[in-house]
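Submitted below is the structure of interest, expressed as structure tokens.
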Amino acid sequence: MSRSPDRSRFKFSWNVRVGFSDTDAQGIVYYGRYLPYFDRARVEYLRDRGMLGMDVGEEGHEFVMRALSVEYHAPAVFDDLIEVYIRMARIGRTSATYELEASRVRDGVLLVTATQTLVLVDLAERKPMPIPDAYREAIRAFEGEALEA
Amino acid sequence: MSRSPDRSRFKFSWNVRVGFSDTDAQGIVYYGRYLPYFDRARVEYLRDRGMLGMDVGEEGHEFVMRALSVEYHAPAVFDDLIEVYIRMARIGRTSATYELEASRVRDGVLLVTATQTLVLVDLAERKPMPIPDAYREAIRAFEGEALEA
Amino acid sequence: MSRSPDRSRFKFSWNVRVGFSDTDAQGIVYYGRYLPYFDRARVEYLRDRGMLGMDVGEEGHEFVMRALSVEYHAPAVFDDLIEVYIRMARIGRTSATYELEASRVRDGVLLVTATQTLVLVDLAERKPMPIPDAYREAIRAFEGEALEA
Amino acid sequence: MSRSPDRSRFKFSWNVRVGFSDTDAQGIVYYGRYLPYFDRARVEYLRDRGMLGMDVGEEGHEFVMRALSVEYHAPAVFDDLIEVYIRMARIGRTSATYELEASRVRDGVLLVTATQTLVLVDLAERKPMPIPDAYREAIRAFEGEALEA
């Protein structure tokens, strides 16, 4: 179950330590508790770009989760330090897809891989809105050619 | 650690089953996971009174948590059915205090006891607001003399 | 965003009410909070079959999450009553895949669809173990021909 | 609601950033989400003492939560950086009581104050066990005279 993935495609990562409240009665990190780790990784990825809180249109336009998939490769336990690698892999007209990979810092074991697709919506009407060009270009400037449109 | 408390002072209870995500690596219910159980018990207590969503003043006036205390008497485990006893013990000018007690249905063992004090505030200004008389009277009609002012 | 999916392929469902702790600052159910709902649906599905706690081999053999995917179709809010439809769609040598669909009871709006694949492992060694025939047959007796092998 | 408490009695603090999953539909940090922050603060307090994972007796002797109380003074919101001050205030024969205080880094506003009492138990029998002298002395060496017995 230990894999040594090619992480060269990631230009950003963020570390998180497993809290006791993240564990479950199997003695490992509850599978759903990786999602808050992913959220923080997306936030830190955008903060690192200077894009956190960047204008994405009118008041009330926000990104909401549209789809996610996660694969669990090995379990983490209490107090493990986890490195979450993240990149935006695709940015479309109204949606953005992130790729994430988490591994244990101590031994490099791959824990989980995931993709998350968020769509920019008008929160009141839940209608998809076009992602502003400035947002798209700021991501492209960082991710380069690897970013799909 | 098993106690057989006097539950005659409670006129309402609500049952909840422990989910796997409520457990932690000690194999028991994580101590913080009782709080969502208490929330649901408060909601069902108010629904039972016909008071859920009852007008408590202007738009944006809501109850927020001001203080809580919890004592842990015995642990619960995955799939335990828990009965949460709840009563409003005191209603002041701007705040309401609930008493809660949770026990395992199977054997009646007392798990936790708690009090929670919520204050009615204007969410925007975080200023305490007077609880409407109709709200206070609806509670008093149910709890009777035991309700402190 | 409202869909009226064909639910005839599901023979079991379980209802859950959204608690306040399930919501987030967008005013809707946090996307990760559906996972505990799915957990309870799997538990109730197995309980309904008389299979909860069924022997799946040696001590320490348990199902762990291997992969999941979720699509979010419409948001739920505080106090919504949600019906979670669930079926086992595939049972292989060491893994089982569930299909889930959640909709709001009040108006039938489809909220999320998901698949979850769990693998039976020896918890200590994290090695996949064969699912006992009795387990497989109990599921097949319920799901019938639709169950993939 | 803003207070400028005397923090001179705390010799240790630890910072945490509010994640999106920590918020609720009132737009603030859900009151129960401070507990995982407190857990991490206790862990880092002990790590800083070199006491994390310190032997507390036989296998299966662990600290479990016995009582907690929390007061909420002001709300935190998404992405706030919070400083959690922590000290062990009392160490008895079988239990330890922590005092905690959390404030927002940006403006120093006091958010919550709390006490948590943990008891050392034999997890299997749930029987209180005496805290080893070495553990007690390591804490006393740090907290000094302020530590109650």
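The letters A, B, C and D name the chains in turn, as written, and every chain counts its residues from 1.
Just so we're on the same page, a residue touches a chain if its C-beta (ideal position, glycine included) is under 8 Å from a C-beta of that chain, and two chains touch if they have at least 3 such contacts.
Just so you know, these numbers come straight off a predicted model, no measurement behind them.
J.: What's the chain with its C-alpha centre farthest out from subunit B?
T.: Centre of mass proxy via C-alpha means gives A as farthest from subunit B.
J.: Return the distance between the CA-based centres of subunit A and subunit C, expressed in whole Å.
T.: 24
J.: Could you please state the distance in Å, as a whole number, between where the Cα atoms of subunit A are centred and where those of subunit D are centred?
T.: Chain centres of subunit A and subunit D, defined by C-alpha means, are spaced 30 Å apart.
J.: With centres defined as the mean C-alpha position, give me the subunit C-subunit D separation in Å.
T.: 36
J.: Counting only residues that touch at least two other chains, what does the list for subunit A look like?
T.: 20-21, 27-28, 32, 35-36
J.: Using the contact definition from the top, classify how the chains connect: line, ring, star, complete or other.
T.: Complete.
J.: For subunit C, which residues are in contact with subunit A within the complex?
T.: Residues of subunit C touching subunit A: 1, 26-28, 31-32, 35-36, 62, 64-72, 74-75, 123, 126.
J.: Which bits of subunit A are touching subunit D when the two form their complex?
T.: My answer: residues 17, 19-22, 35-36, 39-40, 43, 52, 79.
J.: Name, in rising order, each residue of subunit D that touches subunit C in their complex.
T.: Going by the criterion above, the answer is residues 20-21, 23-25, 27-28, 30, 32, 77-78.
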